[in-house]
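Next come two complexes, and both contain chain A; in the first it sits with chain B, in the second with chain C.
Right after this comes the complex of A and B.
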């Protein structure tokens, strides 16, 4: 993928629209990992922590809020992997606190899609099965 | 540092026992109220836009008959040990300070009212159980790869803020280092720090848990839920 500059103004605008709810969820997550087993992808990838729902939203939406959209290319790739390759957005993840995990991953997807970052199926390694 | 010279242990003791306690209670209660009101103002009343059929009575009785099956599907089924320890930890974090003899004597002195108290021996056992649960969480955080993957310094700080009052409390009681006054001052200060930290940190999940699971409508709401973001 070619180097891509994110339009931080637009990213910030999209982040700002949902800031109160999302920052609240990010702040309330106790980093307890109890949501892990509720994700079928976590279970089917040898319990790899990178497939844990909380890992995925912390390292996508969480990063976007923390860095206010100013992120490096490798972070863009990491976010892309977390929200597309490692999540099917099946909405089955379960957090005992009621944190709405799918809504966080969905917002990260919308933001990244607005920046032209989304899975392209002709791209090498776009899917783990293509490796 | 000279400015701090007046802070002799006796003065610090009096401050921690008096004004600091009231100040931290005010911050704790006001902070929790403000944050709760903020969530209420950020959410609106939810009316289902479609008709949710009332569950079949027969189905309900089936669920009631096999609560075990429901529990197995929850985090109690996937992480039973962690969950049992977590429930004990969270119950004790309220029970120990509320029903501690020493706290109730102070409360009686200050306000004329007091709650039921456990004997000192019982409280000591409960505190040791609490610290054992805390040790379990600590080991879980440093040993499990999945916990390390999402743990930050902040998690450890919050953890120590939460257990410090208990640790210093038990050390003040048993006095293994013969330093009752230092420990009791640290105990009071750490308890006050915890109270102040509750509304402003992750510990606010103490309140948010009930809002997140019972009030906000979502995939896993317990009951119907009444509000949405």
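Right after this comes the complex of A and C.
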């Protein structure tokens, strides 16, 4: 896998545009895990914690804010897995505190897309859901 | 999922030729999976349009997660007004939703929406459903006669079935022969005798689905 040079200026610009709301959401998460039950992928993967909606937004958008867009290739891969392979963005996840989880995943996806990171469906591999 | 195929570049270029600033919007949903309108295909379309005479035009791109969801279309609000027209690489539903969101900007489709289908192989897709709204698969062995039968017969076969093939040509399997064979193998031939009421194709209007759990919330 080639190393990806992120355009941190562009990433920070995108992060900054939504900073107030997203940082508020990230700080609001009480790690109560109640969002987990609302995720059909969490339920269909033997309650694997990596499929919890909170895990997915903390380890994608949360990482991007924490690292200010300066992330290593292995982190890019982890974020890609969290926001695409482990999330269908069905927008059905529910947070009792009102965190808009889909908007966080969607922003993380937009940021990664702006850096040329997105799912490649013509790769010779099985669909992640089939693995 | 919805399956589509990109229109010929000449057709797309013909509708955008009079515009200078063009925004090409990809869709990260179904058309990404069928390799027709995702982010990668957006870049390919820009290259093709530039090679087809559009090299002097400003062509920018953005891919939203799904063009059939207004939340994701809102990402375009800050940028759309800067363009003379928008080319959508979504299915017909996405194109119309995009045109609804930006009603003051011409929106053109770059994809021919083909079917609700399945992935035979990577890059090979097969139509399976025409969303007729009256599913009879329970009685037809899991083979859709609306999609597979040339006449879309709910009750078959017709007199044109010939050694397992359709009368339209000898390369097209007869759907009702396949239905008969599968039901016979499953010991369910009684099902083929259950006459299905004809589909009410007349006077069809745009359909809206409200799931039962949400009926009260959206009651008019």
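A few notes on this one:
By definition in this document, the second predicted complex is superposed on the first by the 123 of 131 C-alpha atoms of A that agree within 3 Å, B and C clash if a C-alpha of one lies under 4 Å from a C-alpha of the other, contacts with A are read in each partner's own complex, and residues count from 1 in each chain.
Here is the rule we use: a residue touches a chain if its C-beta (ideal position, glycine included) is under 8 Å from a C-beta of that chain, and two chains touch if they have at least 3 such contacts.
Every value quoted in this text rests on a predicted model; they were computed, and no experiment measured them.
Partners chain B and chain C fit side by side in the overlay (superposition on chain A). In the superposed model, A:67 lies in contact with neither chain B nor chain C.
In the superposition on chain A, contact is made by A:91 with both chain B and chain C. One of chain B and chain C touches more residues of chain A, and that partner is B. Once the two complexes are overlaid on the shared chain, A:50 sits against chain B while remaining clear of chain C.
Of the two partner chains placed by the overlay, only chain B lies in contact with A:20; chain C stays clear of it.
In the superposed pair of complexes, A:58 makes contact with chain B only, with no contact to chain C.
Superposition on chain A places chain B within reach of chain C only down to 5 Å, the least C-alpha distance between them. In the superposition on chain A, the residues of chain A contacting both chain B and chain C are 91, 102. Contact residues on chain C toward chain A in their complex (touch as defined above): 28, 32-35, 38-40, 63, 65-66, 69, 71-72, 75, 122-123.
Interface residues of chain A facing chain B in the complex, by the touch rule stated above, are 20-21, 24, 27-31, 33-34, 36-38, 47, 49-50, 52, 54-55, 58, 91-92, 94-100, 102. The touching residues of chain A, when paired with chain C in their complex, are 89, 91, 102-103, 106, 109-110, 113, 118-122, 124. By the touch rule above, chain B contacts chain A in their complex via residues 38-39, 42, 74-75, 78-79, 82-83, 144-152, 155, 202, 204-205, 208-209, 211-213, 216, 218-221, 229.
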